[in-house]
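Structures are listed in the sections that come next.
Same chain, two partners: chain A is paired with chain B first, then with chain C.
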Partner chain A sequence: MHLHEMVVYITRGIGITFKLVPCVIVSTLIVGMILGILRFKNIKVISQIIDLYVTAIRGIPPLVILMALYFTVKLGSSFMTAFVALTIYHGAYVTEIVRGGLEAVPKGQMDAGKSLGLGYMRIMASVYIPQIMLQIIPTLCGQYILVVKDTTLVSVVGLQDIMWNAKELIAVTYDPIRVYFIIGVLYFVVCFIIDLIASRVEKSVSGRYQAQLAEKGAQ
Partner chain B sequence: MTSLQFSSWLPILLHGLRVTVLASLAGIVTSIIWGCILASLRALEIKPLSMIIRAYTSIFRNTPLLVVMFFLFYGFPMINLDLPAIACGIIAITLNEGAFVAEIIRGAIQNVKKGEIEAARSMGLSRAQVVHHIIFPLAIRDSVPMILGQSSIIIKDTSLFSMIMIIDLTAAGRQFYAKYFNPTSIWIVGLVYIALFLIFSLIGRLIERKVRVNR
Partner chain C sequence: MSEDGKVLVEFKNVDKRFGGGKIIVMDDFSFSFTKGETHIICGRSGAGKSTLIRCINALETIDKGSIIIEGQELGHKTMHDIRKKVAMVFQDFNLFPHMSVLENVTFGPIRSLKKKKEEAIESGLMYLDRVGLRDRADAKPAQLSGGQKQRVAIARALNMHPDLILFDEPTSALDPEMVGEVLNIMKMLSEEGRSMIVVTHEMSFAKEAADKISFLENGKFIETADPDTFFDHPKHESVKKFIDQVYNK
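Let's turn to the complex of A and B:
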């Protein structure tokens, strides 16, 4: 089998990955924003529950979450199972990223917002979130690289993705080295692009931050 | 899950636990050593060497561990190298996580004060000596918390061993399910992983307290 035939065969499964990744990016951002904001509010019971969730996720491998969900709950389709499992897993990390970003905002802004008569949610939406959005992008990109890499695991829930096709192809060609090399290159390209975006944004953000510092120093 | 089923499964679970713990420890140690080597070599600031290491870290940070693991697991026999599966797994983890550890240490190296390096240089130490005696000891202390964080990820990485036919914790949970179609075992395995993580973070906190320097 020629190399380009292999590439064509393997990339048939790439659609799954390309559908899954944007879905998970959006859903984890939503979960992370909501939980991060709730956690930042510091209501005792809610904070404890969120902390429990984050700690548990930090301990469990994504593979185990995928399997647990797949074997326990019937979610309609394998895609749905993979989507929910990855959202649960990476949502915890995004929650921490959002919370970290919120905590870096000076406390005075909360007081200033309150003194203007704004509610908590309003302060979050129009003061905090716009500020941290740019700041957390590099860290978020790091997390999303992990999301992309974790899509290699979804064949355990029966999704016919790249790894699934690879297995089939190897059964025919007995050439695992070339097959996995191709897959490695494919994943590398996708992750590398995200990595580039991250470092681009990081540079502009840190540049802006330094400018702010310089301004403060001048005052 | 009946008690009879559980008691017949328990030995497998314990075996899996042992494999996961030992593999994690091995993986953590080798990844840290490999990361330290890479970071030190890069700190020597020899142009071509630095470029090679940069390419290496970029490649392995952006390639899924499972792909690397499969590549080695199915690739080694092709070049007539008969390694046990667990060795392939640990090598894959080392190659992959070593790149992350190297990046962590590199970040810490960038924070080493220029003055300290210049002072050492002016005392006649060679670049290699400066890296060995000044830069590396300072940087490694600063990177301990992040290396510990990465180590807890290595524990989770070992769950992929179940995909290359090793009976680890994850595989033990899966085996029970395959036999009785009862997912309780997977949840138990999940809890065991959390317990491992908590124990590891406790040890990590002790180490962190020990090496912390107040500047």
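Let's turn to the complex of A and C:
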């Protein structure tokens, strides 16, 4: 088998990654926004529950969550199982990223919002979230690179992704070195692109920040 | 103004402490504020001036007693309504950095008072004009000087059409050359007969604009007087000392 044939064969499985990753990005963003905002409000019981979730997830490998879901909850399809598992896992990290962003906003912003008579959710939506969005994008991209990498796990629940195809290919070619080399390059390219986006954003954010500092200095 | 003389804010036996009870901010504190007045609060750093005025729009909660604003007791249910009537100007401006000057000024009226956008913009521009910043309506706060930022914050407060404006050391974060532009606007508002509670140590403002000055210490107003009496014949030794230290350097 020629190298390019192998690449084509393996890459067919990348469709799953390209379907899964955007779904997980959206779902973790929703989970992270909601839980991050709730956690930031500092209501005792709710905060404790969210902290428990985040701490638990930190100590559990994603593969374990994937297997646990696969064997306990019937979610209809392998795709759903993978999607839910990755959402639960990475949602915890995005929650922390969102909360960290919210904590970094000066407290006076909340005071100002409240004294205009605005409710908590309105202040979050119009004052906090727009201010943290640019700041957290680089960190989010870092997390989403991990999401991309974790899609290599989903073949264990029967999803025919790259890894699935790779195993099939190895069974025919007996050439694991080249197969895994190809996979490594493919993933590297995808992650590199996300990294590129992240550093672009980071530069533009810090550029703006520098500009603001310069203006302040010039006063 | 026929309604002057009406009590706008009343503190009844209010207790407020921090640090597990060790830091006393208000101790069986009672105080009433009359509509149309400019009431200045001063006191040493850490005396609790900020906490006191932040209680008026429920940015802080009290431990005991009650605060009544325009006949409504401040509480969980009334707090949003009361905040719509009580505007606040902060020491460090707290403008929304991602919004333009005009958006800062219209955000509250549109989102909180549910005013029509055009209406909020029209009155917003009018107030920006009054603080001399109509031509900066499209600028971002980061492009303004400290004095300009505080003037925008005042316009933001005014555009809420508040019954009372709270000022917490509005000139303390400003470079000296910018203090005047902010105080002039505050004097103008005071002359219009607006109700204002102001934490400040600016003597020129106190003398020209204040109806009353109070000195907060150990959880109480230990002295309340008109500006002349306050500065020239303070009764309490600690007020005398404070005036000497702060004003007669």
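The definition used in the following text is that the second predicted complex is superposed on the first by the 215 of 219 C-alpha atoms of A that agree within 3 Å, B and C clash if a C-alpha of one lies under 4 Å from a C-alpha of the other, contacts with A are read in each partner's own complex, and residues count from 1 in each chain.
Basically, a residue touches a chain if its C-beta (ideal position, glycine included) is under 8 Å from a C-beta of that chain, and two chains touch if they have at least 3 such contacts.
This is a predicted model, so every value here is computed, not measured.
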Partner chain in contact with A:Ser47 - chain B first, chain C second, else both or neither: neither
Touched partner set for A:Phe181, first chain B, second chain C, both or neither: first
Touching partner for A:Thr173 - first (chain B), second (chain C), both, neither: neither
Chain B versus chain C as contact partner of A:Thr11, first or second or both or neither: neither
Chain B versus chain C as contact partner of A:Gln160, first or second or both or neither: neither
Chain A: partner with more touched residues, chain B or chain C: B
Partner chain(s) touched by A:Thr72 [first = chain B, second = chain C, both, neither]: first
Which of chain B and chain C A:Ile145 touches, first, second, both or neither: first
First (chain B), second (chain C), both or neither touched by A:Cys191: first
On chain A, positions contacted by chain B and by chain C: none
Chain A-touching residues of chain B, taken from the complex the two chains share: 58-59, 61-68, 70-71, 74-75, 78, 152, 156-160, 162-163, 170, 173-174, 177, 183, 186-187, 189-190, 193-198
Chain A partner contacts - residues on chain C that touch it in the complex: 54, 57-59, 80-81, 83-84, 86-88, 90, 92-98, 107-108, 111-113, 142-143, 145-146, 156, 160, 175
For the chain A and chain B complex, residues of the former touching the latter: 55-56, 58-65, 67-68, 71-72, 145, 148-150, 152-153, 156, 163, 166, 170, 176-177, 180-181, 183-184, 187-188, 191-192, 195
Chain C-touching residues of chain A, taken from the complex the two chains share: 106, 108-109, 111-112, 114-119, 122, 126-127, 130-131, 211-212, 215-216, 219
